[in-house]
Structure formats: C-alpha cells, structure tokens
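Listed below are the structures to be examined.
Paired with chain B in one complex and with chain C in the other, chain A is shared by the two complexes that follow.
And then the complex of A and B:
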C-alpha cells in the first residue's frame, strides 16, 4: 500500500516537474532572452531606444487604444452579457456562439474583414469616404479592430458572474422602494463587480498585445497609427533588434503587472462568494 | 365590518399556455396572518409575486387597503417581501441591509438611524449590526431579511417560504419569532408555505392551494376537521378515504357508521367519499359487532413513540389506518394477524359523483 502511494507521489512529482519545466522553457526563457537583447548594447542604448519619438508615440497609441477599447467593451460587453444571461429570445444560442468568434478566427482575418467592409473600397467605407470620413488607417479603425478582437473577454467575464447572481436580491430592492436605476446601481453592479473588473483587465491586457487586426486596419503609419506591437515588428524587420526588444520588454512587463494586479484585486473572499 | 386589507379578484396567470393561477380570489383582513399552503408548483409563490407587483397577472385585480394596484410598481405598494433565499445584499453589513429601503426612499439620516436601530432590536441582532451579512447563520440572515422588510413600515408583509431553507430546529424557533414579531407589529401578513405544520401554527386562516386554485380557505381547525375536498384532507395530515353511502342522515363505509363533523350536509343520499382521520378510528377487543361497527384484520403495528399506528384491512376489504395512544388498553397486546372491532369517532363526508351507484356493502 505504501508502495502504490509512493508511485502516486512519484507520478505527481514528475507531472509537476514537467509542467514547471515547460513553463520555464516556453515562457520564462524567451522572456529572459528578450531582456538580454534589450540591454545587449548597454543600458544607455536601451534607454535611448525607449526615448525615440516613434517608440513613445507607439506606446502612447497602444495605451490609448487599449483604454478606449476597454471602455467601449465595458459597456457593450456588459450589455451583451445581460442580454445573453437574463433574456430568452430566438437566436440566443447562435449569438452566444458568435460572441466567441474573435477567439476562434485569426485576428488577421478580422482585420482583413474590417478592411473589406470599412476600407476605401468597401461599401461602408466608400459611403463614409464620400463624406470625408475615413475609418481605416486611423484611430477609429484601430479602435474598431481592438473592440472586435477583445469583445468576448468582457462578455464572458461578466456573464459567468451574472449567471450565479440570484434575481431575488434585485426583486428585494424593488419591494424596498428602489427605482430601477437604484436597483442597477446599488444591487446589480456590486453583485457583478468582480466580473467587470476581471473583464476590464483581460480586455486591456489583450488589447496591449493586439497585432493581427491592427496591422491590417492601421496601415502601420509610423508615429500615427503604429501601435507598440507593430513598432516591434517593424523594428525587428529593419534589423533593430535592440529597439524591438526594448519596447517588447516594456509591453510584456505591463501585461504581467496588469494580470498580477487582477490576481490581487480578486481577493479570496470575493472568489469564495462568486 | 371593515373592508379587507388585501383583496384579490379573479387573478389569472398563465406561463407558456399553462394556467398557473386560475381565477384566484381572496380577502385578507387587517392584522390577519393568512397562510397559503400547497405543494410545490401549485402557484402559491406566483400569487405572492403578483400581490407584490413583481409579476403582472394576465387578468384580475389586486387591491391593497382599497386601492387598485394593478399598474402600481412594487416600490409603491406599501409591501414588505421576505424571500426563501433571504435575498440579502451580500456586500453590505446587517445595518446597511436593513437601512437600504429607507436610504433609497430618501429618509433623512436621523430617522433612518433611529428606525434601523429599532428594527435591529426587534429581531435581536443589535450585536451583529456591523457585521457583513455573509458571516451570519441562515436563521440570522432570515431575521435580517424580516427586519429589512419591516423597516420601511409596510402595511402588508409577504413571506415566500421564509423558513424552508433552514434546518428543522432553527425553523421551529424562527417560526415562533415570526409569529411574535407579526403580533407585535400587528401587520397584515400573507405567508406562503408547503409545510402544513408551519401553516397550522402561524395562520389565523389557511388557504389550501392546488393547481392554481384555492381548495379551501378556513381556520386551521376547520381545514383539518372539516376538509372541503379530498385534496385538503390528504395534504393536511393523514386520512383514510373510504367509499361510502349516505342513507337516512348517516354515512356508512361498509358497516362502519360515520358521525358527521360539521352541519348542513348538502346532499340527501347516494354514493359518497368518507374521510376518516386515523386518530378518529377506535379499536375495540374482538366480539360481536354492534350497529355501526365493523371487523378488521390487523396487518401491521408500528410504534411511533407516543403513538401506535395500526394498518388494518376491514372485512369489507378496505385498507384502514388507525393511530392511537400508547396508553390505550390494547396497545401492548395488539399484533399483526389479530382481529379487532372498529368504530369511527367522527369523519367527513364528500359527494362522490364518480362513485358506484349501488351500495356494495350495506346492511
């Protein structure tokens, strides 16, 4: 009996070791080499690369687009979660499946599709172009791409929490004298707060790293529509490995901090009640 | 006589083509505690939600204190509602939960604090006032819910299975507390339950509901002793249902004569259903049956503590259950296979339109 127990713990130990080993090989080592390349030419060069106007513009744009996409999805993603969880209507299952489409199709395809629709040759793009509104190769186009790609995160994060929230607390508030906006503000929103926080962080962090859709819809205009990941790609292509690595390190660090923060704000008590 | 505080007129509600409430009418007097009793799915919770305005009836009228409420939202109906799952606001303290209604109604802070403290005292939770409701036991949570509902001084208290999520000991204690609080506040109350004991103990009157209709609305004594339908008799307590005949003012199940409970039997003869409570079946030592008695064969005897339960088969072939005191003279001697004489103390008779036309066992 103790033998089989020993076998069990051996197998368990080996599995954990394999998981840690792969984590090390696939995630930590590449990140470490990023670090190595970033400071290969000395810290002065690293700082210099970060201070380049194009790099700063790219980082600023990345932050702005991520903030805007998060804000938009916080509203429409939450609304979609309510629609899917709280209402029964024909086609609900189809819409429910379609929400995850951005996760399933390559983001380049997303960008391509947006370009065909809203680009200068697309039906909507042509209509808008005649009125001097250009969606593609500009901030709105970029935002559109990011909103599309990150859409499922907010819907799923809020939807999962919303499903476990009983309706009776809202009914109780109604009988106690609350108007509908008070029910929503004082009862519903606090109940799904964790979902909104998680969705916000995931959306923001996903948006920081968005590449495929961005490169299609932005036109990759240096200093204007070039986001951080596009900047990294361009720098690498022109042989500036240090410049690419410097920004890459910064973006990786930002993503890590955001996800770490998410872990910290989801306190144990908050997760227990969810 | 004053007008009823709550008046329901022909409330109808259907879900997906199925009638959940089928022309339900009810009056609840001021200060009364009325229990709506019925099996799950009978429509009782739906009715309570219609009264509260959380659901809209397809037809019918809800009146509270004489005012028609059909298009009045829940917040303006002057009601307090207590839910089965407590429905507390999880991230708030006990005090904030109780003060919620006063806060959203814009009651000034001074009055709010005073009223909240008063409610905390009423349900004996003053010491837990600043704890999160998530630290409380089920019984305490339901007391918070009760205090929260009463804090806004409603004129009508609606309790939807308030005790059924609790374990039995807590349930019995809280049942008494609810009764005491209701009496102290003097508020007209409607409680929905599937627990007959709860309904009997709490209700001034009981409305027994089945398949979207009231089968009987009467005092706890009457629903037990003079059930209006077979459903009521079976749902509240245990009952023997025997085929019988009504003849010259008496009812007979075979040879067994039944003294009728209540007066005014609405029929003069023919096939009836005899409803006989097990404790109203009298067992006598074997011997020659007198008029109105019959013989029965004992199938099984079970000891239930203070009572014995005896399953029998009468000579007419009817199964019959009797319940009698441990101190009964025959208690120690009785065993399966014995023959006994049986008499009935009292019973209820219902018309049986589907019964046999001709008496099968009749002397």
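And then the complex of A and C:
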C-alpha cells in the first residue's frame, strides 16, 4: 500500500521535473540565448541599437498596429463569440471551425490572399482603386493582415467565458425592466469581462510578433511601413545580430509583461469563482 | 483513425533508407538557382560521378535568399558547398573560419553564373519604361526586394545607382548623378518585400508598373507563361553568383566529391542547364549557343566599376540608399 503511494509520488515528482525541465529547455533557454546576443557587445551597443531611428519607427508602428488590431477584434471578435455561443443556426459548426483558420494557415498565405483581394486585379481592390484608395503597403493594409491573423483569440477567449455564464442574471435584469442595451452593458459585459481582458491581451501580444502576413502586405519600407519583427528579420540578415536581438528582446519582454499582467488581473477573480 | 495517424507518422519518419556507401554532401544555393540545380545539374552530377568514379554521391540542396543561407551556415548547417549572390557573404564565412580556402582561385574568381539586372513591366510595356531614368518618372510604381534580406536587391540598387553614375567620378554625395537617380527611383518604390520571388507575387496581384530584378528571374516567369515584358536597359550591371567550399564542414570522405561538384558546375553540361533556366553562362562556348536568348547590353558594368563589393555595399547601400528611405 505504502509502496504504491511512494510510486505515485515518485511518478508525480518525475512528471513535475520533466515538465519543468522541458519547458526550460524548449522555451526558456532559446529566449535566454537571445538575451546573451543582445548584450554580447556590451550594454552601450544594446542601447545604441535601440536608439536607431529605424528601430524606433518600427517599434512605434508595431505598437500602433497592435493597438488598432486589438480594438477592431475586441468588437468583432466579441460579437462573433455571442453569435456562436448564444445562437443556433444552420452552418454554425462550420463557421465555428472556420474561426480558427487564421491559426492554421501559414501567415504568408494570409498576406498573399489579402494582396489578391485588395490588389488592382481583385474585385475589392479594383473598386477601391477607382476611388484612388490604396490599402496595401500602408497602415490599413497592415491592420487588415493583423486583424485576420489575430481574429481567433478574441472569439475563443470571450466564447469560453460566455459558455459558462448562466443567462439567469440577464433574465432577472429583463424582469426588473432593464432595456436590452442596459442588460448588455451592465450585466452581460461585466460577466464576460475576464474573457474580454484575456482576448485583448492575447490579441495584442500576438500582433506584436506578427511576421508572415506583415511582410507581404506592409511593403516593408524601412522607417515607414516596416514593423518590429520585419526590422528584426532585416537586421539579422544584414549580419547585425546585436541589432536584431536588441529589438527582439524588447518585443519578447513586452509580450511577457502583457501576459504576466493578464495572470495578475485574472487570478483574484479566478480565486473568487473557485 | 488512431492507427491511421500512427501509420502516417511512421511513414513520415522512415522516408528513404540510407545506403552506407553513398557519399553525402549538402549544397546551399541561392534561391533563384533552384530549378536549374534540382532538375538538371544534381541528377547529371550524380550520373557523372557514378560513371567516372564508380561511387554513388547524394547531394541534398537547400535554397533560400543568400543572406539566409549564409546565416544558416554560420549557425552550423552542415553544408559543404555554397553558391551565393554576394561576395560579402563568402567573406563573412571566411572571417568566421568556415571557409579557409581561397574561393577566388576557382575559375572566374569563383563566379559560376552571371545575369544582368533588368526590369519587368506589364505586357506590351504600356508606360514605355526602357531606362532606369524612366523608372524615376512621377507616377511610376516600382518594386524591388529589400537589400537587407535579398542579394538580388543589392544588385538592383547597384544597377540603378550605376546607371546614373559617372564611374570616373564617384563621390556618393548628394551631387553624385548616381545618387540623384537612385533617390528619384526610390521615391517611386511602393514595396520592398523579402525576396525577388515575393516581388513577383505582389506584381502578379496587380501592384506596380515595374520590378527591378535579375534577368534570369524575369525569363523564368515568362517561361512559366506570364505575359510580362522584359526591358533590358542600355546601361546596367552584370551580376554574378560565386561558389565556395565550406572547408570546416568537409569530412575527408567528402573531399573528393566536393571538389568534383565545384568543377562540375563549370562544365558545359551544367552551364547549359543554368542557361536553360535563364542565367548567362560563364562558359564562352555555351554562351555562344544561347546567344539569341539574351539581349545585348550596350553599356554593361560590374560591381568593380563601383569600387568592388565592399565599397559598393558601404557607399551605395548603407549610405546612399539608406538616406533615400528616410522621409
């Protein structure tokens, strides 16, 4: 009896050590080596790389696009989550599966698809072109790419919470005479707040790192339409590994802080519901 | 279902059992050489080696932009032979101790194929773009890949600069005619994707009036049935790809095959294969055979006219081109 208990704790200990060890080896160590490269030539070089005007322009653009993409997806992603969770309609399962498509297809393909659609030969692009509107190779094109790539995060995060929220509170509000918009704003939104927060944070940090679609639709013009990840790739290819690593560290750190913040924001409510 | 998945997984991991006596070498070759290399040259080399030396040789090849390949080799990719679009990359490999031999001792100082920088326009060249100065006309939309990631783009920028420059008086300052032309053309550049291939993807989607790129890329696209027009400017640069052995990765048993592979790239057979896919051969005889395929450039120049790779990179790209990007 006690032997099997020992075995159990042994197995548990081994699993624990293995999971932690693998996480260290597969995830943390590569990140750590990035750090080593970034400051290899000394901290002054690291600071100098961060001060490069092209780097600053790229980081600024990345931040702006990520904010905009998050704002757009916060609205349409939440709406989509409502549609999928709260409504039953023919084709719902198919649409539900299609929502995750942006995660499954290579992002370069996404970029290509956008180029075809908004290019002068595509129907939408033709229509816009006749009105002298050029979306690709500029901020709006980049935004379209990021909205596409990050779309599933908001839908899934809000959807998961929405599934678990009972509708009784909303019904109670209605019984008490609340109008539909009041129910939505004061009952539903607070109830799914956690999902919205998680969704926006995930969307934002995924957007910070977006590469494949960006390189196709942004035009990759240095200092103008080049985002952080594109800048990193360029620097790396010119042999400026320090420059690449400096910006990479910054983006990785930003993502880490965002995700850490998400944990901190979420844990009290998580504890309360438990 | 589960069993099927397992079968698929097993199949994926057990492709092609290895033969012990086969010599294996790896070749990294710049992206645009993929078709010529995999479809013609490597199978021919395999046959040639077996016939002449009675041994099986298996060459695996990998293709990407020259900068990416160089980084992969620096990062430890077990590559024995590299064909790259920029001497600077070979120099970097030498500096890091991966190459110890002198690749300039190969025939033509290592150059194994050539091309020229041309531009690709829409069918019938509706805007009448014939010289690099035409690309500077207001309202012309130009594409070329990014010189940070693409060797071809570096050549394209050299070509634009050189087309305007006076080779006896290169100052690279704002009064330099080459810099003036480069700034004017760059003002019309709407996108600089990662590779020459991506410029064609964007062009295909309808963006731009002209792509500044290698002639061989342009010919390859035409051969694929695209209805583009190719303009060979009167004054343009001759580009070259250079081959080098990556000495540090060569094991004694690979030594012979590596030497033979490099030699083979210069044979009429390999040169003909390159020419078939749009490159200009370095072999004079094969060059004559394909005479009709290539437009004569009235005033060709080389990177040496711009002061050699190292200077040209520093003055034309890192200095002059970089300034055109700031707006």
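Just so it is clear, the second predicted complex is superposed on the first by the 266 of 274 C-alpha atoms of A that agree within 3 Å, B and C clash if a C-alpha of one lies under 4 Å from a C-alpha of the other, contacts with A are read in each partner's own complex, and residues count from 1 in each chain.
Following the convention adopted for this analysis, a contact is a pair of C-beta atoms (placed from the backbone, for glycine too) under 8 Å apart; a residue touches a chain by one contact, two chains touch by 3 or more.
Please read these numbers as outputs of a predicted model, since none were measured by experiment.
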With the two structures overlaid on chain A, would chain B and chain C clash, or do they fit side by side?
fit
Chain B versus chain C as contact partner of A:177, first or second or both or neither
first
Could you give the angle made at the Cα centre of chain A by the lines to the Cα centres of chain B and chain C, to the nearest 10°?
150
Touching partner for A:254 - first (chain B), second (chain C), both, neither:
neither
Is A:191 touching the first partner chain B, the second partner chain C, both, or neither of them?
first
Which chain, chain B or chain C, is in touch with more residues of chain A?
C
Check whether A:121 is in contact with chain B, with chain C, with both or with neither, and answer first, second, both or neither.
second
Does chain B (first) or chain C (second) touch A:137, or do both, or does neither?
second
Tell me the contact category for A:162 with respect to chain B and chain C: first, second, both or neither.
neither
After superposition on chain A, the shortest CA separation from chain B to chain C (Å):
37
What residues of chain A sit close enough to touch chain C in their complex?
53-54, 112, 115-116, 119-122, 125, 136-137, 215-216, 219-224, 233-239
Along chain C, where are the residues that touch chain A in the complex?
65, 67-68, 71, 92, 146, 148-149, 189-194, 198, 201-202, 205-207, 322, 325-327
Residues of chain B touching chain A in their complex?
52, 54, 73-75, 77, 79-81, 83-85, 87-91, 100-101, 104-105, 134, 145, 148-149, 152, 158
Within their complex, chain A touches chain B through residues 166, 168-169, 171-179, 182, 186-187, 190-191, 269, 273
